[in-house]
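Below are two complexes that have subunit A in common, paired first with subunit B and then with subunit C.
Now for the complex of A and B:
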């Protein structure tokens, strides 16, 4: 039997969505302008986008770039961050580089990257990669730095080599922190994905959105915002499920779910 | 046999100053002996243990185990830290199996041995608990089992029962003695409790206040196997405790006339 309390907490995200749509609907009816369609009109435009072959190809192309940018970003950033966290030499070598790139909006690099790499997949994937990398490096670094030294000593006494300690002690004990970085990275990947497509209009979900805007198809604009938003929420929720499963051993007993998972 | 000769340790502190933590320590520990190191907080007891463990290299002097110079940690010397240092992502069973698995013992055999050890330290039924789900005393039992699991010839224990309540502490002391009386490992045991040191040890090494030097080495000539209830009533035991307590108190005077 599900208790009343868990039922409410399960339904809360859904209620929040419905509430938001309701406010939108009422606001749009009151304002009554072309550039602000009602929630119902926008929702109605969603299926036509999702059944249009051209649009689907665009959205899938976006997702593919995002997946590659995220995957490569995470794959390189975790080892880098962990090594920075355990070695002063590695940290002081990479730190200046990261300090400089950290405050720069990655999308602002888009024009230069386009100049060098063209407007194709490579440039956009690279921007996504850059967007993902910094939070993942930072959190991996923090996680590796916080590893209890006695834990590494215990491993050393059992005969683990330095490499094995990195892989089998530093990595798992930093995992909760690493995954926090990855979660931020995932959302940033989505943001940089759309932004890159806004700048280099050629394909992708962002391309559909901004083309519709140019042509005054406001239903489509808002429908795309719903689609992209739902993608973000869905990805984040799926990632939270995965994260929770991976670090169940470290979770505090009571926590307020800050995701839709 | 563990031979510590002329070991000194200097630490660089953050204010660019150097701090002498250990000064000219020489000590020989026979195989199978239970030796306690006793001294006021900050006198370098942990540091000495870390040096024998090979976790910290001494600034001066040499350390040997079975005639071989210590150059780093090894499975012949198993540490049990005050901070437990369990692997939080591993269950109790996973923690205890870790060492044997690393040593190449097959999964099935490591599991069987580990379950036995877990039962021995009184944690049967908790095999699949994570460290965060255990109390301090239970964590320390797991830490002990995890170290015993890879059969180190020497146990290096750093105030293992220091953070526990009196009741748990007494039980773990008894358990440790039972285990030790069974397989006679060499034990180097750091504590700041005089009673604990006398109850457990063959030899008690009393250290001076910082910088740590060896002040006295006292042989504890009490019969074994030792039973707590009998020992507490034994005047010899009581005399050891009182004498050693006195030594710790007048440490600072003694420092002036070494």
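Now for the complex of A and C:
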């Protein structure tokens, strides 16, 4: 009985996927228009995209840009956020700037950045980097601010230098919060990736998606939506595994993805 | 003393913005960037002021704001409602949880082509996209806020004879309010971003459309104006929400 229950709860996301696809299928059958293919038709178009060499290269190029943008973004944002959390001066220096830039859609900078850097990899990676940075900075900032003072005092009393305290006390204790930010950043990276490619139609998954829309290949449109959606869910699940490993010591506060986009 | 600390904070905060504008101006003054690619800041701000007085531009802002508010309002109602229901009822929870797990990490922009095909090019598809993106942060923080409510509060309400439905609205919702408002704040920022993106993809009006038309005709000045406008709108809305928060949470200890 118990094992059956755990099995159901394990499979629940899968069941949810199947349920959503089922609703789609029924909805498409009821509406019965050319521009809304059934779920089965869309799923049938997926393998042909994934085996086509050119689109596969495009999708992999997208993922590479995303990985670089995400990596650099996380690498620079965590130290900045931690410093903001520990130093009042640094925080008040950067906070207004971040507040102004937060509501600006990063992908909307794409046309301007394209003017300067061209439509190539650099412009798109830069936009992804910008999109990833802000949530990671914010969460690192929150995490570092909440570090217990006493631990820092004891660290200082035991002769840790400021740099060591940052690395060995602030970073680990802020890690759960930082990883929540990274998770949000990951979803944002995917969104920015798609939109940047939609604006600079030159290569990538977003390019395939919106070109198919313009040419009225609706099967491809919906198949690409499935592929991109699967990428999002897959990356999120993989990141969740990593997060569980890294912060096993801390009580899992959020077991649902608190993504914010 | 406190006032002095505050002013020095403000000065520090203005410094990087001033620096950015100075570098921007310097890049042009020393000839590193041609004015066609990077218009001087003065020119951009002049254009911004002139555009804000321009009737057509005001209508674009109104269109964007309408979509933003409609989407955000629907997302708040749905998010708070579903979040509360999931926290209150195990049956709803069992259904909502896996669906949210699947849908939350989905990049919603990729759904936009589907929404376009289903709902057309008008307001509906854009508002739906805003709802889809802003819903999940609000839903999740409502859910966590509501499930973190102290059990003793609910017990005392029950002991005082409050019917279950009223407990939800009179005890759980107010106690979860800080978390709900945090979710709303994130949702608001996302709404700003998404409405702009949706208008950039396909639209005949709105700030995103202004940016795209300027980009297509290589008018760099006009590309900066809508970006600054959306940033200002975000700041103003954020300020309003902050004010609402301090009003709604006036009984709470500092959070």
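Here, the second predicted complex is superposed on the first by the 249 of 261 C-alpha atoms of A that agree within 3 Å, B and C clash if a C-alpha of one lies under 4 Å from a C-alpha of the other, contacts with A are read in each partner's own complex, and residues count from 1 in each chain.
Convention: a contact is a pair of C-beta atoms (placed from the backbone, for glycine too) under 8 Å apart; a residue touches a chain by one contact, two chains touch by 3 or more.
Bear in mind the structure is a predicted one, so any value in this text is a computation, not a measurement.
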{"item": "Joint occupancy of subunit A by subunit B and subunit C, clash or fit", "value": "fit"}
{"item": "First (subunit B), second (subunit C), both or neither touched by A:43", "value": "neither"}
{"item": "First (subunit B), second (subunit C), both or neither touched by A:160", "value": "first"}
{"item": "Which partner, subunit B or subunit C, touches more subunit A residues", "value": "C"}
{"item": "Contacts of A:72 with subunit B and subunit C, given as first, second, both or neither", "value": "neither"}
{"item": "Which superposed partner A:116 touches (first subunit B, second subunit C, both, neither)", "value": "second"}
{"item": "Subunit B versus subunit C as contact partner of A:249, first or second or both or neither", "value": "first"}
{"item": "First, second, both or neither for A:210, with subunit B first and subunit C second", "value": "second"}
{"item": "Inter-centroid angle subunit B-subunit A-subunit C after superposition on A [Cα, multiple of 10°]", "value": "90"}
{"item": "Which of subunit B and subunit C A:238 touches, first, second, both or neither", "value": "neither"}
{"item": "Lowest inter-chain C-alpha distance for subunit C and subunit B in the superposed arrangement, angstrom", "value": "5"}
{"item": "Subunit C - residues contacting subunit A, complex", "value": "8-10, 12-17, 20, 33, 37-38, 94, 97-111, 113-114, 116-118, 133, 136-137, 140-141, 143-144, 186-187, 189-190, 192-194, 196-197, 200-201, 208, 211-212, 214-215, 218, 220, 223-224, 226-227, 230-231, 233-235, 237-238"}
{"item": "Footprint of subunit A on subunit B - complex, ascending", "value": "50, 53-55, 72-75, 77-79, 81, 83, 85-90, 98-99, 102-103, 130-132, 146-147, 150, 152"}
{"item": "Subunit A residues within the subunit B interface of the complex", "value": "148, 150-151, 153-154, 156-160, 169, 172-173, 175, 247-250"}
{"item": "Contact set on subunit A toward subunit C in their complex", "value": "12-13, 15-17, 19-20, 31, 35-36, 88-89, 92-97, 99-109, 111-112, 114-116, 187, 190-191, 194-195, 198-199, 209-210, 212-213, 218, 221-222, 224-225, 228-229, 231-233, 235-236, 254, 256-261"}
